[in-house]
Each structure stands twice: as structure tokens, then as C-alpha cells.
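I've put the structures underneath this note.
Both complexes shown next keep chain A, but they swap its partner, so chain B is in the first and chain C is in the second.
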Partner chain A sequence: MKPSTDRAFDFAVRNATYLIFACVLLYFGLQSPGFLMPESLANIVKQASFIGIAALGMTFVLLTRGIDLSVGSVMFLAPLIAGFAMREYGLPVWLGFVVAVLAGVVLGGINALFVAWLRVIPFIVTLASLFLFRGFGTWLTSSTQFDFSEDMRSFGLSSVVGIPTPIVIFAIVALIAHIILAHTTFGRQIYAFGNDPEAARKSGINTQWLQARVYVICSVCAAISGFVLIAQIGRLDVAFGEGREFDVIAAAVLGGASLMGGVGSAFGAVVGATLIQTVKLGLVFTGVNLYLQPIMQGIIIFLAVFADGLREKRLLSRLKRTIRPLENA
Partner chain B sequence: MSDLLTLRHLGKSWFGVPAVSDLSLGVRQGSLLGLIGQNGAGKSTLMNMIGGIVAPSAGDMLWRDKPYRPQSAADASAAGIAFIHQELNLFTNLSVAENMYIDGFPRRMGLIDWRAINERARSILDRLSLDVDPATEVGHLSPGERQLVEIAKALHNEASLLIFDEPTTSLTPRETERLFETIATLRAEGRTIIYISHILGDVKRLADDIAVLRDGQLVDQGPEADFPIPRMIRSMIGRDLGGLFPQRTGQPGDTAVLKARGLTHPGVLKDVSITVRDGEIVGLFGLMGSGRSELARILFGLDPCDQGTVLLNDAELAAGARARIAAGMAFVTENRREEGLMMDATIADNLALVAISEFGRPPLFLIDRDRLLERTEAARQDMSIKAGDISRQPVKALSGGNQQKVVIGKWQLEHPRLFILDEPTRGVDVGAKYEIYTLVDRLAAGGGGILMISSELEELMGVADRIVVMNRGEIMGEFPRGDFDQERILAMSFREQAA
Partner chain C sequence: MKLLINTATAALLAIAGAGYATSAQAATICFAFQDLETEFWIAGHKAITTTLTEAGHTVIERNANEDANRQLEQVRDCVAQGVDGIIIIPQDGESAVTIVNEAQSADVPIAVFNRPPSDLSKGIIVVADNATIAEQATDFVVGQALESTSGDEKLNALIIVGDLGDPNAVGRKDGFYAAINKHEDRFNVIEVASEWDAATALANLEAAVTANPEIDMMFTSSDFLFPTIRSVLEPRGMWKKAGEEGHIPLAGLDGDATACQLIKDGFVSATGVQDLYFEADSAMTAILKAVEEGNAQPNEVIEDPGFALTSANLADREMDMWGCVLLSEGFLKN
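Let's turn to the complex of A and B:
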């Protein structure tokens, strides 16, 4: 390839998600001008906050070459525990929120224990905890729906200086995640670990503790995301959060997180989640057959993952071990 | 001058096999010690013990005359010992400055103080006269620049002992020159250095003292002035052969089985041509990083190659391993456990793997289990693999030598024309080695061509008809059997002229 086309291709591959996003917005905007109005855009971000908050946590895990399949169950179980605590002890909503976060810490701690210290591969650990956490919740509720108090719903529908609370929480979590990932030792060590776990160990990084924290963060994010959405609905069905782990992983990957670790950002997770929601809402807006929506989502994930594969391949070819100096170097 | 680091009767065994034994050595404060030895002489184990990666099983170490027992890499680094590894321990997705401070960033109000980091990194890079922005991602740097970043990383910790392990392998001559200048600067600052290299000329040029390891022991040491290169080579070799190798039974023929011409791939091979005749065992010798395994992978179609042709029985081969297997090539990989065998599967299933499509029985092409067992049992006897029930016993229950026979056996079922054996006796005990040599001889006597890669020169001298020497992706020359001379072959692989 010529250098110029090569560079253009490089750029496209690097920013595939943003290009897709721009195309999607443009397409729906042309189809239905009302789509680009502030209200509908705000609506998109509000609805994206649910998957988005969890995708932020998932990004931490993906950065370390791990995966967390249990997020859907944590979204269900952590708010449920908070709900029981609120009902039993008459806790206010904000304390319920704290309980949900603590439940997230404990649930994430279970994953962390197995992944970091017992060295079981993350896929298997979190597949088991997916069933375990949901099973525990189903047992607690005896498979019935759990109703929250009115306070919970008014919290979910409240707003801060005109901005809906879910968006505010989404923004706060995103900001914290960004600061941790980009501006703390822990965050940069996550990237280092994802790039080369063995070298990270040799550099004197406490890799077990690092992995453990990442799974706790992921579960805490899932707990918050579940709590925030339930606050908008006011009740908790047995099937709540089921299968959401895939939306969450898809959003993180769409946002540029690599399953091979070491690549991804908080900003990317926000973009990925928003993109998925944009497509969902856009299809509703333009009156497309709703059954086509999963197909569209599948196609977009395919495109993004394909771009990720290309990116990876180019990186690899650049890093290939050389045993003699390159003639032109 | 006193010793900065003292090793006393240090030893380490892996599963009862000593890698380093009873090694005593002092490293003088402010000196540069050149450490040399053949592959497998115990250099890496020794360095890993100093670096806290591996715990010694005998003896002890003194650091500044106090007992030194590192439990982890962090301990070594805290003591002031830094490693510049052959395979660089850099994170390509992070910036130069981040790589330098990854084990502890300076912080301001809990967050990383980017200004301080970039400034400090800048000043260290300046000292090394490396002109890159500390915020550059390491993935964008050249191998030479990365090497200097690794040194910068060692310097920010104010390491007083720097250990270089084959630092020049992937450097251009200019980058190497630059590295040597940097080493001179480090020495002027009073730092102590251990320099490990296969390039004897470099060692001679840089070192004050030279120490030679062989079979895990310190066999020779002295000041550089008393150490001409021939003495280095003599000390590195020095073992009696004889009785270790079986008599060759066949004679090489005249027909070329494999003809590779002008193989060139940037950064890997340069104009490599090699011929293997029927019934001939060609030994391919080279040090770590000489490109021998890379050549094997290219010949077998596993890695791409820009230029050059590969002919088998005078027919040009299509790209890709499948085509080459079909044409009659077999490849016994150096990573037996990961690439050569399914460790948990049975011996029979492993033996049948390459020829598996032959066992399909029409019309549905389901596997004909009886025929498979019959053929694999015949192969087991043919290879004299010591095993019980091959349809039940997993390969992992076999000894290393017998595992290797399974790998060779699975190819033998297809009666290949050319065998590429990459380190076939690695991790195999002496007795089993003899059996593998016998097997290799038999394969050759059966008319196949053999290309055998090994880092043990004695082994190639014992079994090969001809030895081809590689260095840095190029063929340096070859020796026919009558002309085998350990010193000259080794010298050629080091790119030195034997005196």
C-alpha cells in the first residue's frame, strides 16, 4: 500500500467506532430530522447510562485480558439486596445505593478471589458466578417481582439542575473511571498488565492485587447500573439484567477495548454504549421493524470487532520479533 | 576495591537436574564483568537468581557485604540491581516516561504528576542522549531506542548494578556503537555492570574481567588482558565426546530432497540458501537469535517470506503448511508440549493426528478406530516407544524422550521426504537422547532428508553429515563431516575468526 492510503486506512481502523457513530447519526438524522433534536439525544444518553455504567467497569476487566460474564446477574442481585435492606431497615434511597455498592464489592470480591488468587480463568469463574448470583437472587425473591418504595422511583426520575439523575451518575462514574485509568498508578499498571502480564510481574507490580481490584470495580459498576435503572422502573423482575452481559461487553468492545488487553478507555466505553442505544432508538424513530434491531446491533458489533482484529494484526506485524536489523531502519 | 556482589557456592536444580552448581564469583565495585558461555550453560538461571525471579537451592549471595535474598523482582530493584533483558520488558502501549516509572509514579494529590515525570524522564533521556519525547508511545520506537529506554528505566531507580543480557541482538551497528558509548558513560558514573553476550569481540572490548560458565559451573575467569578470544572459546567448549552417539548406518545420496534458494525476509532472513540430500542429516547450528527456528518455520510455510523459493524433490512448493505437509514435509517443533503434542490425549490419538484423514471410512468418513489402533500400534513398535496401552495412556504420562518419539512417529505415519527437527533432544535425558539419535539415523537411512536444528554443537557433530552455521539470519558457512572442528564452528557462529 502507498504511504498515504496506508495512513488513511490506519486512521479508519483506529477510529472505526467514531466513523460508524457518525454514519449512524447522519443516517437517522436524514431519515427523521426530529432524531437530532436535543430531547431525543438526551433521551439516548439517559437510556445509554444503564449499559454505559456497566461497560465502564467491563473496560477495566477487558484491559487486563479478562472478561466478566456475571455483570447481568450483579445488576439483578445487588439492587435486590439493597431493596431488602431498605424495606427491612427503612433506609433512605441514598443509603440503599451505598448498600448496592457494597453488595457489588462483595460479589466482585468472589470473582476476584477465584481469578486472582486461585488462578481459575475468568471466563469460567464468571460463568459460574453468573448462575450463582442469579440463583441466589431468585431464591431470595422466590421468583416473584420485588416492588420498591415510591422514594426509589422519584429518585430515578429526579434531575439535578435540569439534567436527569441517571445521566449525572453516568457522567460521574465515567469521570472517575477516566481519572483512575489515565491518571493513577493503578490505572497505568492496568494497561501495563494487559500489554504483558509477565513483564508487569518482572517490573515489580503486584499483579494479583491488581487483577482483584479490577473485578471488584466491574461488579460495583454493574451494581450501580442496575440500581439506577431499577430506580426508573420502580420494581425488579426475576429476569432483570438477564443476557445484559453481552450488551455490556459489546459496548466496551465497540468503544475500542480489546479482548487481548491493554487497549481501551473510559471515553470509549461511553461512546460504545451510546452508539448501541442510538441504533436502538434510531430504529424506533424511523419506524423500522423492531425485529431488525438485534440484526443491526449484530452487524455493528461485527464491524467494530473486525476493525479491532485489523488493528491487532497491524500491531502484531509491527511488533514481530526481528533477529537482524531491518535494512531501512 | 571491594566486591559489590558476591556469590558463594550458589546452586539451582530443576527437578534434580542442576542448572547452576557450586558457583562462587565476586563482582568488583565499579568493574565490568563479561559473562560468557554456550546456550544452556546456566547464565539465565544465574541472572534470574540475582534478580529474585528464581530462588537458589544452595549457597548464598552477598550484596555490599550483607546477605542478599531477593524474593521478587521488586526486591532486586529496591537493592539497586537492574536488568536489561534480551527480550525487553517494555509495555508497548505506554509512553516512554510511563514505562520508566511503572513501578511507582511520583504523585501530586493522589494523581500522577505528569509534569514531574516528563521532566525527570527528559533529564534521564538527555543523559543517555536519546532524543525522543518522554510522551512517545514505546510501540513507535526502534529496537535501539527501546534498549536505551530500558536503560533509562534502570537509571531512574539509581541502580548501582546493571545487568545486560544479550543487549545487541536486535541492534544495528550504529545503535550498538551508541549503546557502548552509553555503557562507557554509566561506568564513568561509577556503576557496576555485568555484560552477557555471545559476541566475544564486544565482551573483550568492554570487560575488565571475564568469567566463563559451562554446564552450570564457573570454569574459567580472569582479567580481560589474559583472555584472548581462543581461550574464551576453549573454555566454553571442553567436554569429551565419544560413546554418546550411535554409528551412522546409511550414506547420504546425491539427489537433493530440499532446495531452498535466496530466502529473504526483512528483519528475519537474508539470502538463505540450503540443500538437503536424500539420506543426509544436515545440522543447522546457530546461537539463540541466529534465525535457525525462524528458517525452519519459513521452510515449513508457517511464517511468510518475501523472496526466495523452496523446492522439494525439484517441485516448487505452494505457500502454507498444509501444502508442504502434503508435499512430504514434517516438522518437529522445539516446543514439544505446546505445539507438538496434545498432552492430555492418548498416545494413539497423538500418533494418528497427522494422518487422521486416512482413517476415515466411506461413506460417512467416520474414524475407523480399529485401523487407527492397528497402525498406531505398529508405529509405537517401530519407534520403540515405551508405553502400555496406547489407546488409554495419555501422552503426558510419558517421559520426555518417549514424548519426542511420539511427535516424530506421528509424522512418520505419512512417510515424509523431509524431516525438520527443531531441538529434538531438548529436555530429554542422556539415555533417551541416544535413542533419538538412533531414530534420526534410521529416518535418514530410510532415504529421507533431515534438517536438524540444535544449540548443542556436540550433538550435531555426533549425528550430522554436514553442519551449516547461521548468524543473525544469514548462512555463515558450512562444514562437511570430515572437517568438523568445534572451535571453528563456534567461532563462525560468533562471527569471530578463530586463531
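Let's turn to the complex of A and C:
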């Protein structure tokens, strides 16, 4: 391959997710120009906030070679607990939000207890908590829907300087996640642990405490995610959040997080969630047949993951070549 | 609230249940349901368990939590326990076929409540005529939409479709199109997938309404999505009562308490009603009859014709709808 072609290919595989994102936007924009209008783009980001906020938390867990299957149940249970507290004690919405976050801390703490201190495999622990949390919520509601007050809906449909509140919350959570991962000691320790847990422990990192915090962060993000979406609808059904853990994991992985740990970023999670939502809403926007929509979604996500795999492979092969110093490097 | 549902259910079923309660011997019935996500399933569950228990039968309940494989295992477990009969609410049409075959092979009579198997030839199948009920409800809002326009311009009709793996969702979609196709040249149809999930419906409906701001009528395949529809329409100034400028004729299907309230308030024009109490009563009567007669493989399709409750017949038929009965007992004041 010629050097210029080689460089172009390198650029393409390194930025595959973003290129696919651009292609998707362009394709749907050409099919229906209204898709690229500000209202439509804002709608994509607003709807991506639900999965995106949870994907940010999931990225923390994936970075440590873990997984959290309970996020869908936390999305359901945390806002439900907040709803009961708001109704019982007449709490305003912002205090309800705090209660939901605290519920996320407690639910994440349960996962953390088993994963970090009792050394149970995260897959098993969070699979158990998936059923435990949902079962508890179903018992609390006796399977009936939970209606929130009008204040809750007003909050969900409100905006800050013209930007819908869900987008604002998504941006704040993404910014905090980025700062933690990229600019703090805790963030560096997460990457170190994900790359080599034993080496991280030997270097003096309190790995148990680190893992515990990661699972708490993940549940808190899921709680915020559920609260933000329920605030838009005003009603919580018992099926809410079911199966969402797969969307959340897909968004994080699509954004570059590795299931093997040590690789991923907050920005990637935002991109992954937004890409998935762009595809979904693009298909609706352009009126694609309902039977074809899941097939198209699957193909585009598969392409993105395939390109990501190609990138990994390419980077590994480049690393092999640099065992000897490259000429003109 | 649970007390209210129980009271309403018990009161409504007292007359229906009395007939066979005295004639049938005490039986052990396995009631395996897929989950209880909506008002319809909750009310159906209550109707069946309360009536059977009050008639002196033993009910073994099994919740599959929307897992078809788990439901199959639960039914096998019920068979192993030696139950006299089985009533199921299956997860989907395909798994229902397997479960019915499993029960009949073990010589245990089985009834399928409301969600039909893809093969209707085996088992007692109690099913609403979803297509006809949806058509009736859609007919009403189609009429309203056509009345509100004077010219011959094409109107936009939006349908929120359920999970396409669910025969009920497909039947409702067919019913919607049957009504629309009577005026084929007058409507563009916009399809929105919900997968029976409020979050999916919210995202997809927002996109559809952004792409097509002029919506002339809307049909949702389930009433449980009305709060979601409101969340999308209200900020755009499209959630209006009948008679107000910008009102969109809305129809649904199920006949739940929320729909009843919204028809009374004028936001919703019609909803297709599944006669829940007829369906529950039919399933119980048929299974107990099979148990009593020692018929291990009863095969029968019992169809619920349903009806459409509209703003026009509300005064006459309100209390025929199970959701209005629950509403009158304070169901929504939770």
C-alpha cells in the first residue's frame, strides 16, 4: 500500500465510529433534509440522553473489566423510590432527584459489596440484582403503574436557556465523567486496574475500594437516566427499563469501550449512545418499513463494531512494527 | 388501591362466577402469566385468581417475567405437580404453541387467555377480535378527521404499532388499515414502532412528529401509551380537547382507566374495548368444564367481539368498559 493510501486507511480505521456517524447523518439528511434541522438534531440528543447517561456509568464498569446487568432495573427502581418519597413527604422534584441518586448509591453499593469485597463475578452478581431490584419494584407497585405529579412532568419538559433539561443533565454527567476519567488520579487508577488488576494492586491502589466506587457510579448514572426519562412521561410502568442493559452496553462498546477493560472514554459513550439513537430515529424519520428497522439498526451497529475491530487489529499491527524504530519516525 | 381493584373485580364477577362455582368440583388450576405490565393484565389476573379462589378452587400462580422459556419450564413444573388444568397468558404466539402442545401431551387441559397462539387449532383459545375492535375505534376518528376538513387534501394518519412479534399488535395494525383503506385516497399513513415500551414510543413518536408536524388523526395500539403521547404533543401545542383549535382525534385500544378518563376529558375520542370480564369468565368456564368432563385436550376458540367506546356512546356504554369500572372505583387515585 502506498504511504498516502496507508495514512488515509489509518485515519479511516482510527476514526471509524465518527466516520460512520457522519455517513449516517449524511444519508438520512439526503433522504429527508428535515432530519438535519436543529429541532430534529436536538431531539436525537434528547432521546440519546436516556441511554447515554447510563452508558457513561457503564463505561466506568467496563474499564475495570466488569459488567453491570442491573442498570435496567436500577432505572426502574430508583425513580420509583424517589416517586414514593415525593408523594409521601411532599418533596419537590429536585429533592426527588436527590433521593433517586441516593437510591442509586445504595443499589450500586449492594453490587459493590458482592463484587469488590466478596469477590463474586460481576456478571453473576448483577444478574441476581437485575431480578432482585425489579422484583422489589414490582412488589412495591403491586404491578400497577406509578403516576408522578405534574411538577415532575414540568421538570422533564422544561429547558434551560432554550436547551431541553434532559440534554443539560446529559451534558453535565458527561462532563463530570470526562473530568474524572481524564483528569483525576481515580480515573488513572481505573485505567491502570483495567489494563492489569494485579499490577495495579501491587502498585498500591486500593482495588477493592476502586471497584466499589465504579459500581456505585454506574448505578447512580442509571438512576439519573431513569429519573430523567420518567420525568418526560410522568408515569412509571412496571416494564420500564427492561432489557435496557443491552442498549447501554452496546452504546458504551460502540463508543470504543472494550469488554476486556482498560479502553474507553466518556466522550466515546456519548458518541455511541448518540449514534444508536441517530440510526433509530433516522429510520423513523425517513419512514422505513417497521419490519426492516431492526434489521437496518443491526447492520449499522454491526458495521460500526466491525470497523472498531478493524481499528484494534490495525493498531496492534502498527505496534508490532514499532518494535524497531521506524525510519523518519 | 389493591382493595379497590379487588372489590371492583369481585363485584363484577360475582354474577358470572356464581354459575359454575357451584357446579364444578374443587380443582387445582395453574395460572401462568407472562408478566403484569399494564392495567389490562393486572385486571385480568385479578379477575381470574379472585373468582377461582372464591369458587373454592386452588390457584397456583407462576410469573414468567416476560421470559418464554421460563414460562415453558413453569408449565412443566405445574404438570409435574399434577394440576387439573392450566390457564396461560403467553409471552408470544410462537411460545404459546409449544406450551399448549406440552400441556396436551401430558393430558392436562389448557386455556390461553387473550394472547393467541399462532396455531389456533389446539387448546381453549380466548381471544379478542383485535382487528375488528381496532377498526371500529379507528373508524370513529377517521370520521372526525374527515369532518374537520373541507377540501380533498390528503390527511396524515399516525399509528403507534406494538411489538410485531405479538399477534395482538399485528391484529390491531390490520384493523387500523382496514379502516384507513376505506378512504385510501385521503390518508398518508405514518407508522411508529413502540415495541410495547414507553421509552421507545417516546423517542420514535418525537421523531415522527418532528418529521410530520401536521398530524390529522392518531391511533395507538395500546391505551397505556397515552401518557407518552401527551408528553410529545403537549409541548408542541397539539394536546387539545375536542372542540379546541388544534385538537387531534385520538383513538386507542384496551379500554383502560386512563383512556376512560381521557375520553371523559375530551382529549381522546375513542378506544377499542376488550371485554376483559367476558374473556376471563370464558377461560375459567371452559377450563373447569373440561376438568369436570375429563376432557384432556379441549380445542375451542372463544372470540370476544369487543366494541368501541367513543365520545358519542360514552353515556350509554361507559360501564361496559372495564377501565371505566376501575376508574369509578378510584383506580387512578393512587
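Throughout what follows, the second predicted complex is superposed on the first by the 294 of 329 C-alpha atoms of A that agree within 3 Å, B and C clash if a C-alpha of one lies under 4 Å from a C-alpha of the other, contacts with A are read in each partner's own complex, and residues count from 1 in each chain.
Convention: a contact is a pair of C-beta atoms (placed from the backbone, for glycine too) under 8 Å apart; a residue touches a chain by one contact, two chains touch by 3 or more.
Please read these numbers as outputs of a predicted model, since none were measured by experiment.
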Contacts of A:P79 with chain B and chain C, given as first, second, both or neither: neither
First, second, both or neither for A:G204, with chain B first and chain C second: first
Chain A residues touched by each partner, larger count belonging to chain B or chain C: C
First (chain B), second (chain C), both or neither touched by A:T185: first
Partner chain in contact with A:Q232 - chain B first, chain C second, else both or neither: second
Contact set on chain A toward chain B in their complex: 179, 183-185, 188-189, 191-192, 194-196, 199-205, 262-263, 315, 318-329
Parts of chain B lying in touch with chain A, wherever the complex brings them together: 51, 53, 72-74, 77, 83, 89-94, 98, 102-105, 107, 110-112, 114, 139, 142-143, 169-173, 175, 266-270, 289-291, 294, 472-474
Complex contact set, residues of chain A against chain C: 32, 34-35, 37, 39-40, 43-44, 46-47, 50, 131, 134, 138, 142-147, 153, 156-157, 229, 232-235, 237-242, 244, 277, 280-281, 284-287, 289-291, 293
Residue ranges of chain C touching chain A (in the complex, touch as defined): 1-2, 35-39, 41-42, 45, 65-66, 161, 164, 190-193, 196-199, 202-204, 206-208, 210-211, 224, 227-228, 230-231, 234-235, 332, 334
